[in-house]
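Going by the order they are written in, the chains are A, B, C, D, E, F, G and H; count residues from 1 in each one.
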Amino acid sequence: MSGDDAKITVTINGDEREVPAGLTVRGLLAHLELQEGTVVVEWNREIVRRDRYDDVDVTAGDTIELVHFVGGG
Amino acid sequence: MAAESKDIDTFDEPLRIGGHEIRSRLILGTGKYIDNETMVEAITASGTDVVTVAVRRVDLDRTKEEGVLYHLDPKKWFLLPNTAGCYTAEEAVRYARLAREAGFSEWVKLEVIGDQETLLPDVEGLLEATRTLVSEGFKVLTYTNEDLITALKLEDAGAAAVMPLASPIGSGLGLLNPYHIRLIKSRLTVPIIVDAGVGTASDACETMEQGVDGILMNTAIAAAKDPVRMALAMKDATRAGRLAYLAGRMPKREQAAPSSPTTGMLD
Amino acid sequence: MAAESKDIDTFDEPLRIGGHEIRSRLILGTGKYIDNETMVEAITASGTDVVTVAVRRVDLDRTKEEGVLYHLDPKKWFLLPNTAGCYTAEEAVRYARLAREAGFSEWVKLEVIGDQETLLPDVEGLLEATRTLVSEGFKVLTYTNEDLITALKLEDAGAAAVMPLASPIGSGLGLLNPYHIRLIKSRLTVPIIVDAGVGTASDACETMEQGVDGILMNTAIAAAKDPVRMALAMKDATRAGRLAYLAGRMPKREQAAPSSPTTGMLD
Amino acid sequence: MSGDDAKITVTINGDEREVPAGLTVRGLLAHLELQEGTVVVEWNREIVRRDRYDDVDVTAGDTIELVHFVGGG
Amino acid sequence: MAAESKDIDTFDEPLRIGGHEIRSRLILGTGKYIDNETMVEAITASGTDVVTVAVRRVDLDRTKEEGVLYHLDPKKWFLLPNTAGCYTAEEAVRYARLAREAGFSEWVKLEVIGDQETLLPDVEGLLEATRTLVSEGFKVLTYTNEDLITALKLEDAGAAAVMPLASPIGSGLGLLNPYHIRLIKSRLTVPIIVDAGVGTASDACETMEQGVDGILMNTAIAAAKDPVRMALAMKDATRAGRLAYLAGRMPKREQAAPSSPTTGMLD
Amino acid sequence: MAAESKDIDTFDEPLRIGGHEIRSRLILGTGKYIDNETMVEAITASGTDVVTVAVRRVDLDRTKEEGVLYHLDPKKWFLLPNTAGCYTAEEAVRYARLAREAGFSEWVKLEVIGDQETLLPDVEGLLEATRTLVSEGFKVLTYTNEDLITALKLEDAGAAAVMPLASPIGSGLGLLNPYHIRLIKSRLTVPIIVDAGVGTASDACETMEQGVDGILMNTAIAAAKDPVRMALAMKDATRAGRLAYLAGRMPKREQAAPSSPTTGMLD
Amino acid sequence: MSGDDAKITVTINGDEREVPAGLTVRGLLAHLELQEGTVVVEWNREIVRRDRYDDVDVTAGDTIELVHFVGGG
Amino acid sequence: MSGDDAKITVTINGDEREVPAGLTVRGLLAHLELQEGTVVVEWNREIVRRDRYDDVDVTAGDTIELVHFVGGG
């Protein structure tokens, strides 16, 4: 058997979600079909620069916030 | 727009905040529009150079269309992120850092709200957050109340602009306290941009006549029956108030004074 | 001016008085300017289509340059003669007839003054003169006070437009009585043009927001420190107030209402 | 002696003036160096149309008002 | 009431209209009360000396109790009949004659209404009726609008007092046009009593501060939630405004000025 | 004064601050009078129960007459010491302690000034000083600005009363911001006493109509041409505004409504 | 038969009414149970002074207005 | 010679003054002809209760503030 379909649970934008194990932040954004340019990633309360998307691994129990700009005054 | 530009060049100079130069003295929020088409049309009609945006979670379950960047071209308008909805300095600082990470600029419209019902600012939180953000290299435009003392402290704390309210956010009550707005303008050196409370064109015009450097509004346009037409009205009103201030109004007189010659009448 | 025209065509219709169509809702007096060059420059900047002139004796001993026709091209601007300085209906009728004889038109801005100190109108004289002039084929634009009853009678007497004052001539006190101006507009069918008292741009803007059809001013521009800049301000303010009225302002709220989403906040 | 230099006194714009005898209204305007187009003539309280300038004679004791447009609000 | 009287005697003189002397500067209408008991109690609380009454047909089918004389003792209050509801000079004169026949006095509060919706006066009718009634020996207190010219003509016509409105009858909009009220007071010699439009105590206070001689009100008291308490408020407010006018207010300052000594501070 | 007392007892309840009960809702400062006789006469005429005093050095070289206690009987009036002239929390606390040592009470009117020109309060200093003084058992009446958020924090800090300004101290500009004053009253539970800025009687009346619990003034009376007469006017105006608030004003109407019956007219 | 119960029609306060024939104004007021002091009488557009109540006869077709004071502002 | 007329220098209300040596606070107030009831004493930044006026000695170099109530708003 392979670990390909292994899942971990992380908290994204306040909701617990199952995502594939072994993803980097870039992998997570791809998995969620989010276009990198428009999203900012906060990983366990720490902002992840775009140039570090490949260096940061998403592991079980992580708390991730994915934010962008919306209309506001 | 040639005529327009000529007017501005001849009759007013651009607004300078920090190093930045802005041609229009009207800044618009992008919230509360019935749809994105109306928002873009209104913003275009207003002639603004700068629009504010909020930082919120991506909705992972809804269409990706919701992001405002899908509708507003950052090359056409300077995007000014706000910290609306933050009730502590710490929270506001967190939103500001996330906004900067989006990579457009180090500018932020700082809000630290003190009360959910009135959305009035918490001046202690404002001062703390301004000091922190300035130390991190942000250019901070601070939404505040009409208090001169707080305004002076915000300037000391390094705010790039101070933005006192005309009346509560979304109230449309207009310029409740022209005296204090004039007072703040007369005592600070950083630009004063009146933020929130303007309800109609004459509010904008009267506000600019106080001598302030600009106006930021959202609901007055978004919640008008015809937002695009109101955006055009606000563009004209903001410029009219500015030009009237620069022109120097006639003195008020309790007596009347004829406009036509009193001599040369027939027998 | 292409953009300008497009705005007007799209966002407002021209003002119709009698058969006449006017594109600008701002009418200017030509008195009290420091010199004729400034007058012409200010009138041009204001974008007005109609200017008022007074009827006075030729000064036989001075240079002939004094006549306003040497400076204002009747092809560029519609000249509207007034009866300023007349204290009786008979006197006003005499001036109107002389003005018509100058051959530009049968239009007249009727003034019958009741008091030298305040230049407030004599409504009995106004009604008498209006009836006489209308019977002689004049198109009468009547300067009057804020009294609805008099305004209704002037309409019945055949006035082409009714022109209530904002405040006394040359006072610059602004719109003292918006309630009565709204009342007059709501009850009459002829155009309502607020005449006299406007002092600065926000006065013009607020006046147009009452829904009236136009504004006539003189001193606010002629006595401003920079008349040309103020003329531009008045052009913008008049249009801003008109557009805001047509756009339909947001409702006033005693409570605040956020401009940014209250959902999607971070934990 | 000829009547060429005969004078009459008329009231023009409130002042008594001597003008040559035998003038018409057109002649009077010429005498006063006024350009017809811009002036309106009231002769003894009665407006004189331009087309009647030649028909109306100025005689001693006439009261004449010569008006034009000036700046006014 | 000893203290009260002393105050008046020391700090103000009585109001004189025609030959008549009135101690209270507040005149009350007697209409629109929920019941006669409340009316009498409110009138008593207000300290007024004069109340207005209307002339109407006896209702032959109802109890005779309706007549106001069954409730108001003419020995306690001076009854001032009005011509409310009259739309022509002739009609108003007819009512005035009937009122006089009731035998209390030759005084009348003249109303000639020009429009049913606004109840604004018809100034032509007012002038005609005033002339007629004065020639018949009436003492005429004329309800009119804020127009100085009409007010001057009413004084010339022999009116014993001129009563410009603060705002439309029963509107409670307060003093819409203090400028014109001050103007009328400054130019006439007969007493000026502001009639109609006062809505709450500060309206009455502000009105008296313009220097006028008195106020006439009805709805502000009759339609208050607690008419008797409001009557007491109006009594105080009218006197407060009068005394403040006589006392001479402090000058307004754009700067602050300390109320405590700036010297003698500790090191 | 029997009538007076009855009025109060019937129509209003006393003002309660901390445990203390005050019958008059008007509090007076004792500064800036031309002489002590006028001060005492005005205070007496005003009917106040509480007067403020400042703490200053004894002048060792002048007559001892200067002390205010030589003129004001502490048995007749409750003396409320202020910390006027203090620019830091520490300084204000020092003055408050000295004042308490004079032995009249633990009450203090707290001022922490943020700017010499406007005498506007420093809200950070106010909060710090309030916390300190409350912890030392003082009853603190805090002079503050119109900011609701600061007012809420002052209440949390234990202030016995919150005293927002109407306009800057000694300016006489009146109630610049009724909206925010109403807002503060609607959200706090401790008494709200408007302090500073009232210029004439109608200002006091309008201020009380907002529903606040009292007014503190000084210059409006001391700097009036006739202070004693103005004191009487302020007494009446304060009570009038309070009673009008309690009575509940009539609703405002854009239309007129007749005060006399529309039926029973003659044919 | 006697005329005692003869009736005439008059207009009082806008309404046609039958009243006994032969009344004076004073009689009419008594018939209508109105207290004299508080009422003013207009008879065919002419005011009737109190001292003439006995002199004025009410006849068929008369138009009479009976007014008094009511609450008004 | 006696020390009766010995003087010390203290700062009172910001001014340096010579006062007799050996005074208590009560003695100082008497020396300055101040009525105790109306004055509050701050001695070297510390408030002196009335009941301690006899216990506190005024010594050279002391800084003393003597305050009272004056008219103020």
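As a working rule, a contact is a pair of C-beta atoms (placed from the backbone, for glycine too) under 8 Å apart; a residue touches a chain by one contact, two chains touch by 3 or more.
Since the structure is predicted, the reported quantities are computational estimates derived from the model, not experimental observations.
Contacts with subunit C and subunit H are shared by E. Between subunit B and subunit F, the least number of touch steps comes to 1. Chain centres here are Cα averages; for subunit D and subunit F they lie 76 Å apart.
Each chain gets a centre from the mean of its Cα atoms; for subunit A and subunit D, those two points are 97 Å apart. The distance from the centre of subunit B to the centre of subunit H, with each centre set as the mean of the Cα atoms, comes to 59 Å. Subunit E and subunit H have Cα centroids lying 64 Å from one another.
Along subunit G, residues 14, 42, 65, 67, 70-73 each make contact with two or more other chains.
Listed for subunit E are residues 29, 31-32, 54, 56-57, 82, 84, 117-118, 120, 169, 173, 179, 218-219, 222, 254, 258-261, 264, 266, each touching two or more other chains. Contact between chains, per the stated criterion, is found for A-B, A-C, B-C, B-D, B-F, C-D, C-E, E-F, E-G, E-H, F-G, F-H. Here subunit B touches subunit F in the complex through residues 114-115, 117-118, 120-124, 127, 145-150, 152, 167, 173, 176-177, 179-180, 183, 187, going by the rule given at the top. By the touch criterion given at the top, residues 14, 42, 63, 65, 67, 70-73 of subunit D touch subunit B in their complex. Subunit B contributes residues 1, 3-4, 7, 11, 29, 31-32, 54, 56-57, 59, 82, 84-85, 94-95, 117-120, 168-173, 199-202, 204-206, 209, 218-220, 222-227, 229-230, 232-237, 239-244, 246-266 to its touches with subunit C in the complex. Residues 12-15, 32-35, 38-40, 42, 47, 49-50, 65-73 of subunit H are the ones that touch subunit F when the two sit in their complex.
Across the interface of their complex, subunit D is touched by residues 258-261, 264, 266-267 of subunit B.
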